[in-house]
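Both complexes below contain chain A, partnered by chain B and then by chain C.
Take a look at the complex of A and B:
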């Protein structure tokens, strides 16, 4: 099978650029923005696995992220688990949460999936709020242990270490997604998304694929949550909020549902765009309206997302 | 007489006040081409749907495949057991190429892995004479005939014991129907039992060894094709009552 030149070269070029960014961006704020963008990129691209590739309207995806946040926070702070391990624990914890939500929604369709998954997110948030002895309730958890590598402290390097850990997580997550999407399993997801009955007639269990895709999409989302908690040293119920959810969703939709790199590119672009807009007087809150309008325009004018639009604009010989 | 490979016993499907299939019992023998005809709305596709449990099951009755009852199995299990169907309306996986469609079918239904599945996909594409130059295009870009070829090919990639074809000739030109005729006979000679729903009577009568006609969800006539088409009840169902 032919691998297009553009598709193979662009991600590697982008990675090379991102790898040298800290050399030029030496201030911790710019690096912080990149780190947040990488985290959102992991969330959005993994959400795209279930939503874009399998057509599961899972509006509880940020719940997996929140589960990762609180798992790492509780593990590291309450139980003294090494922060590196605490980050990784976010993955299996989110996968378990995904299994719990997947079982009831596997046989549901359309709006019912949206309702049940959104309700599940609210349920987990209420659980976090109500168990304040463990989770800190509405106040959340602070002063979560930070990362160390031997004697090297990640607190005193202007976020250089966190930058590369976040970038590394994004690379591993993307390789994982590529592996899944390019496998027969990944192709079966598209079959389920586009023609459920035909897929069943070819031996594919529709409900099993939906359960599996939700679990797989949760693993790196949970790890990203774990990293978020250790990096910011805070676990707050805000991560379950509608604002975070809508921002991540806009990254999936603007970047391109069903594309591999679209949500990642959109996460980088939107993180910096919202930050730039926040710096303009009067746009502190209005920036979210701008993002919403951008999302509507993209859905109306380029339903495949900006990456698909870009592909159409590039000459065929370069694709 | 050969044992039946597929058998229905008094299957009925009711939608609200409408009985789409009523008390239908028939059997298909291993190795034959069994034709099903009937006017529009006579219950042919509904019968396929309830046999394969896609997208719904029978209201009552029993279905046996290779001697085992299958009407309570999930649809993907029925397909995996070797009972594979096509659809009347164009069904496709628009983002997958023909090769990928067959690969998925071989992996999930044929229980093959990697290289074996890819090899089977290649063999099946050759067998249905699918254009090699177009086998890596997304299915959405294929012609009507290629989509029909692909639907049959994807069923073949499942290595079926029984192939259930729902109006495969609809929308095809005469030369294309001729090719389809050759393909069905060739598949049957290789040992695949075929159940064929078809409105193109020339094709149906040419390939079927036995024929069943449905009308208003009930069996109107069944037997040798030459006898069935002369049955006065069948003539009336198709042409209307004599004045």
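Take a look at the complex of A and C:
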């Protein structure tokens, strides 16, 4: 009884705190950090769905994010689509990309899944770089239309509006993930991860679950990408680079693979940590080294992630 | 006819480069079952060290190539010792070592950027002048790369077939417990495989540093191409990997001629998907 109470109460308490943060954090830079952290939290927690819960060695998750970024950017800027709609378009676009890569990957095993998903990301980046008439090439796209609600411009009020849109997206994405994970489908994913042969023997189609989990994990990642483009008003091929990939991966790892809230907590902590490091002179590049070292240490010392480690510290009676 | 010849020769140059990269990946894979994401970064470090010795210190190109190769080998052994060995026997070893070597790649790339900066660097060529092959002209330096690649591949192959050390690597790759039982020092075999692979990467980097610019991210593109090569050839055997490297080199050169530089990566990727759908372990088979 106590277990479920604590587990249900903690996320709600965290949400309540996040909801009142803008009251205290009135400068736009602190709010900006929170917004970026929320976006990374969506990326990391959705990546965790395929990587952690289903055991698909997907290293192309940031590709889904990048597809969302460019879909929204091109829709809003080139075709004049309303930015709200453009953000949402990132979801189905990323889902289509996920289906395209999932179909060949579903039958593969082990290292080949890593290689193909990774190569897919490089391919999409090549596409973005080469089609510079549409995507702006290496320079990217700038001055993408910003969000409005009636007469209200979201550029006003020190990013207050963006803060709540980002938080709202994170909440909806998390509810969606919880719904998927707790459903019979979610349990079948764990079966595919932990006992592939047994799952197949019980009538679960391993390939179909893998395809579905990749598509499901892409939806909110793509929407987050759409929001990222509209919020920053920039789309750049950097999103496909190793820097973003390693940052998001470290959030999944440090937060705890296969936990629900771990990657979200890690995304918040790591965004602020890296931004703080970036503020120190000469640390702009070194912060990636710090994160890489942290990733290795967590894998070595706390393979379940820091959240699991914290859980171990909580007395059994409270768990 | 002349364009086709020129294309084939440029495919030979690409194929030699990919063969050197992919065979290093294959050596580590067949011995340890680890895919080393830092392989491209080791190549890049080799090139930077060679540049420092040869240009910044002025000790000459040969000393630079030797130093770059040796430095890459040492870093490779360090990666094996601290980022791969601790995870031996772990159930998720494959995935964990992908992540730790990815972390190693980030550390090396960002470290190189901090040490050497973003300014473009280049090594001088081993020999100046040009060579004509079948009427197609390439630089003498590229010709050395083309000639050296098969020699090195044969040397590695002979090493794993004939020498006791090389055979012990294959034994460890086939069955670790049995290898240990007949007295093979398994950790030493792992270190040798990683060191050899890294030395190969470093040497490739020092040779490439005279043809392309030396930058912290110079290893990424060859690594991605080497990935496509190993998907084609499978990682299981050195011969299949090397063969696939040349096939990919030729296909890439022909595609560039037919459909242009922009669309070539897609065509290659599409081809790769088709291969995987029908042969999930690569065209030449090998273990999964």
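Note that in this section the second predicted complex is superposed on the first by the 316 of 319 C-alpha atoms of A that agree within 3 Å, B and C clash if a C-alpha of one lies under 4 Å from a C-alpha of the other, contacts with A are read in each partner's own complex, and residues count from 1 in each chain.
We adopt the following convention: a contact is a pair of C-beta atoms (placed from the backbone, for glycine too) under 8 Å apart; a residue touches a chain by one contact, two chains touch by 3 or more.
Because the structure is predicted, anything quoted here is derived from the model rather than measured.
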> Should A:111 be classified as contacting the first partner (chain B), the second (chain C), both, or neither?
Replying inline: second
> Which partner, chain B or chain C, touches the larger number of chain A residues?
Replying inline: C
> Between chain B (first) and chain C (second), which does A:28 come into contact with in this model arrangement: first, second, both, or neither?
Replying inline: neither
>> Per the contact definition in the header, classify A:204: touching chain B only (first), chain C only (second), both, or neither.
In response: first
>> Looking at A:187 after the superposition, I want to know if it touches chain B, chain C, both of them or none. Which is it: first, second, both, neither?
In response: first
> Touching A:134, do we find chain B (first), chain C (second), both, or neither?
Replying inline: neither
>> A:242 in the overlay: touching chain B, chain C, both, or neither? Say first, second, both or neither.
In response: second
> If you lay the two complexes on top of each other, which residues of chain A touch chain B in one and chain C in the other?
Replying inline: none
> Can you name the residues of chain C that touch chain A in the complex?
Replying inline: 29, 35, 83, 86-87, 90, 94-96, 98-100, 102-107, 109-111, 113-114, 220, 224, 227-228, 230-231, 235, 262-263, 265-266, 269, 272-273, 276-277, 280-281, 288
>> Under the stated contact criterion, what part of chain B meets chain A in this complex?
In response: 52, 54-55, 74-76, 79-80, 84-85, 87, 91-96, 100-101, 103-105, 107-110, 117, 136, 154-155, 158
> Which positions of chain A touch chain B when the two form their complex?
Replying inline: 1-2, 184, 187-188, 190-191, 194-206, 258
> How about chain A: which of its residues touch chain C in the complex?
Replying inline: 57, 59, 104, 107-112, 114-116, 118-120, 122-123, 126-127, 130, 242-243, 245-246, 249, 253, 282, 285-286, 288-289, 291-293, 295-296, 299-300, 303
